[in-house]
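Shared between the two complexes below is chain A, which pairs with chain B and chain C, respectively.
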Partner chain A sequence: MKFERYGIGIAKGLALTLKHLFRAPITVQYPDEKLNVSRRTRGNELVWFPDKCTGCGTCTKACLQGNIILVTHRGEENKFIVDKFELDSGRCIFCGLCVESCPYNALAMGVDYECAKYRRGDAVLGKEKLSLSEKHKPSAYYRPQFAAELPEQSLLLYNRKEGGQKLSIFPLSKRKRGPHA
Partner chain B sequence: MPIKTESFYLNVGPQHPSTHGVFRLRLSLDGEVVTDVEPIVGYLHRGIEKLAETRTYTQIIPLTDRLDYLASMTDNVAYCVAVEKLAGIKVPERAEYIRIIFSELMRISSHMMAVGFYLNDCGAFFTPVLYMWREREKIIDLFDMVCGQRLLYNYMRVGGVSQDLPDEFMPALKKFVDEMPRYIGEYNQLIKQNEIFLARSKGVGILPRETAINIGASGPVLRASGVKWDLRKMDPYSLYDRFDFDICTGEVGDCYDRYWVRMQEMTQSLRIIEQAMKQMPDKGPVCADVPQFFRPPAGEAYGYIEAPKGNLGFYIVSDGSIAPYRLHIFPPTLINITALRDMVIGWKVADLIIIFGSMDVVLGEIDR
Partner chain C sequence: MTLLDQFQLILKSQNWPDWAVYLVPALVGIIIIISVVLTVVIVYIWWERRLISRFQIRLGPNRCGPEGIFQPIATAVKILLKEDIVPEKADKLIHFIAPITVFVPILLIFAVVPFGEGAILADLNVGIVYVIAISSISVIGIFMAAWASGNKYSFISGMRSIAQMVSYEIPVVLSIVGIALVVGSFSMLKIVEAQNIPFILLQPLGFLIFFLGSLAEMNRSPFDLLEADSEIVAGYHIEYSGMKFAMFYLGEYGVALAYAGIITTLFLSGWQGPLLPPVIWFLIKVMMVFSVIVWIRSTLPRFRVDQLTAFAWKFMLPLAVINLVLIAIEVLVIPANLQWTMVLINFGFAAVLILLWSKLFTLGGGRVEV
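Coming up: the complex of A and B.
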């Protein structure tokens, strides 16, 4: 291929990269700085509300993985009493169909995302682990009532002044040493 | 004694960085020149068509996410369009506009990945990709805001979409649409006139117009060969007949044209989004009244849309039960790579890599 003058296009491209050298970085130093996830995030470890659950079993039917194990018996006034509610988060694909189908708002997606486990057995969540706790919060996916409690999502689209992603201009100098460092 | 020469066989893949997934090419080489090529697919086969036969119609939507994992949203749409055709469900107007906005955002994001990795194969190692990833990240943030996940969206439902847009979505989308032309200009400044890039891609891997039509190629690969064909214009599904946009075509069908068609389509997608934002009704239902376990009448339907990579179709046969009797997926990239052999013979190995890169192949869709 013949060009009239060589190097103009390359110089133009390099001028752009040079310009970017003087811009603030848009990345964050992950384990030390964290961004807020979306309010509707379908995070790991679902949240189950034992007082609201009637044991109807709609969620077990809606799950495409056959992932929710529900065992009930009839109590007084012929109501279901939930003996076992178990969810294997290792097999869950976090699609949210179970949350969507629950007619009594008894199930919600979680907001957590750092849920690696050492054993497969630990990933199976029983009644206690699925219940609401300090570390175990529901997200607003299909449950808009929880939206107000969650922090606003940090968007890369907005810069720091507009309340977007936190930019670290001198990330390394200000960095707090975490347990991983 | 006469010297006997034999052609040399070389395997590229299945684990090779420039096959964009687990894809294997069996090459016959004469020196450095490719004399024959045999694509071998199937390493990522997960049996999605078979799995779908044991799932209800709603439960298949998360499976379609796993087809073209760089453009899950359009896979969702294509499947839902097919089921709606089968069951005769009418989608509310607002839901149609949401679908169009998300399909076009997905197209921009998918084209960015395609162009970025194509430039990567050309030797611009990861600089252009990271520029494009920055804007792709903004699109993914928007998706995350609405449907809660960044890659496997599971957002479309039969009869509409799963949830309405949150309040903060529209201002963010407006900011994105306003900013994006500047960034497209940046990508063009970065690489479009680069002499090395032009020398590597102009006139390389030509797919002639006739061959492209004969094999049934679609999407940017077909349009780069000069065929003005886009399902959004030719057979407007959804509400695409209400929008004003151009079909971008290339001239000769070489690698450069395929790159340039994609770059232009990003601008056209932005135009569609802008018009959709203006026309979209502010309120209204976002999903038709379809129960989660519904039974469509017995029959068959073929639903198709213009996905970022081409004409994506779902063929569904129903026997009136809760799950489809048969689901067949018609992926655009599988059809497009059948042209690979014609395109690469006579080129060198280094050109093979960029010809393959310019096809924008996603293996999740080919192997299903």
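Coming up: the complex of A and C.
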């Protein structure tokens, strides 16, 4: 005797939605609350380490877009000195090939994702903008040594590790900010 | 004696002219009812959006005011400011009249909904019959809108609406007759006063039939075939915008409020309840009924057209007839002071009948698809 035909299926469905009523919502109210992205994200704006870079130009050859402009001159002890290291983040497809190809770990992907600009010119990043800073951090993509500094990825605002899903029906508008915010 | 009659007596004792004695209380009553209805409808819109989002583990609107309470007002302002577009090939006059034809009958229903003891605009002795008669008119408005838009999707929606209303009117009326048999009157006030035991306990099968039927009458999910967004875009109001669309939108929630009020009156013992004042009890029960409607909307998918009509004619209509015969026999046989035995008998019969009829009820040449 299949009970699904006697309205039990409907009752099961109703019970499921009723259970949802007492769960914390999974909505992330984005500009106020942010989740942590993956530590291996290929985020915007690469990070360039000038002291490690030898100016060999492997990254410019690996770039599918031909997007990296590298100008060098010969300095002391026959070493290259980088005059210009420039890429247009508007043309970059963030494939990560330049990072993978770099033999001296002088390039890394960034973790930022809010890098919209008002003018096209601002999207062209030179030496200063690409180098490491407080706001401008490298991701662990192909560079596992940076992973320890980055926060762990979060998929829910309320996950079970951080105190479980809370029963909260009404005062939701003024929720606590997420771990990344 | 209703509050309206008392008001008239007071005016008469103050030596007001006869026409004023008749007119002033009626106008005051109408204004009060309309403002209460529109306020509750706005609360309804907010409550539905919040509640359904909680059922779907979302947050719902929470930006506009505390907990998003001003969102429906913002929506209303947005809709009213929009341009009123009439299609070139539309039947202009009918396109204009249709929203009014939908909205006015819904307001008329509230004339006989008792909000409290004596708080009723017109205590008709055929109250519930009046409700059935009036609520059928808005179907014509929907069909007018559908036809006058000159749009194939809206026309499909109009045809569906007619089929749906014609099918579901009959079981709904039959389940109301069961109540009238027990009470011995069609008056809404008498029906409430007769409910020492709420009729949801006394007639569980009748309640189920009336509830499902009224879901279909108010075009609510899972019977929202005529506005099926995924199939026919928005149904009958596809070519409407601005104020005219607002009429449909208000009408949709107004009819939900009206039917929630009627269900409360007929089956949940209306304004009766301990401690709190009657009006508060009435509103609490109405909100509960509406919340169940939202719950069902958030859970069940839409019916197919053939399933819809088959469910009305093959399942609800026979059950409604059997229920009516059962109630008639019980009213004759069981004395009035033994109503609790009637409750037990009716629950037993409801369970057996629903099981039996689910067994018999099949679609598509005996294939099990329900």
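We take it that the second predicted complex is superposed on the first by the 136 of 181 C-alpha atoms of A that agree within 3 Å, B and C clash if a C-alpha of one lies under 4 Å from a C-alpha of the other, contacts with A are read in each partner's own complex, and residues count from 1 in each chain.
Keep in mind that, in the parts below, a residue touches a chain if its C-beta (ideal position, glycine included) is under 8 Å from a C-beta of that chain, and two chains touch if they have at least 3 such contacts.
Note that this is a predicted model, so its numbers are computed, not measured.
Contacts of A:Tyr142 after superposition: chain B is touched, whereas chain C is not reached.
Between chain B and chain C, B touches the greater number of residues of chain A. Looking at the shared chain after the overlay, A:Ile8 reaches chain B, while chain C stays out of its contact range.
By the document's definition of touching, both partners, chain B and chain C, reach A:Ile26. In the superposition on chain A, contact of A:Leu18 is made with chain C only, not with chain B. When the two complexes are overlaid on their common chain A, residue A:Ile93 makes contact with chain B while staying clear of chain C. Of the two partner chains placed around the shared chain by superposition, neither chain B nor chain C is touched by A:Tyr118.
When the two complexes are overlaid on their common chain A, residue A:Arg42 makes contact with chain B while staying clear of chain C.
Common to the chain B-facing and chain C-facing surfaces of chain A are residues 6-7, 10, 13, 16-17, 26.
Of all residues in chain B, only 55-56, 58-59, 62-63, 127, 134, 137-138, 141-142, 144-149, 152, 154, 162-163, 166, 168, 172, 175-176, 179, 186, 189-199, 202-203, 292-293 touch chain A in the complex they form.
Residues of chain C that touch chain A in their complex: 53-59, 62-63, 66-68, 295-296, 298-300, 354-355, 358-359, 368, 370. Partner chain B is touched in their complex by these residues of chain A: 1, 3, 6-10, 12-13, 15-17, 26, 37-42, 61-62, 64, 93-97, 100-101, 109, 139, 141-142, 147, 152-153, 155-158. Contact residues of chain A toward chain C in the complex are 5-7, 10, 13-14, 16-18, 20-21, 23, 25-27, 29, 169-170, 172-173.
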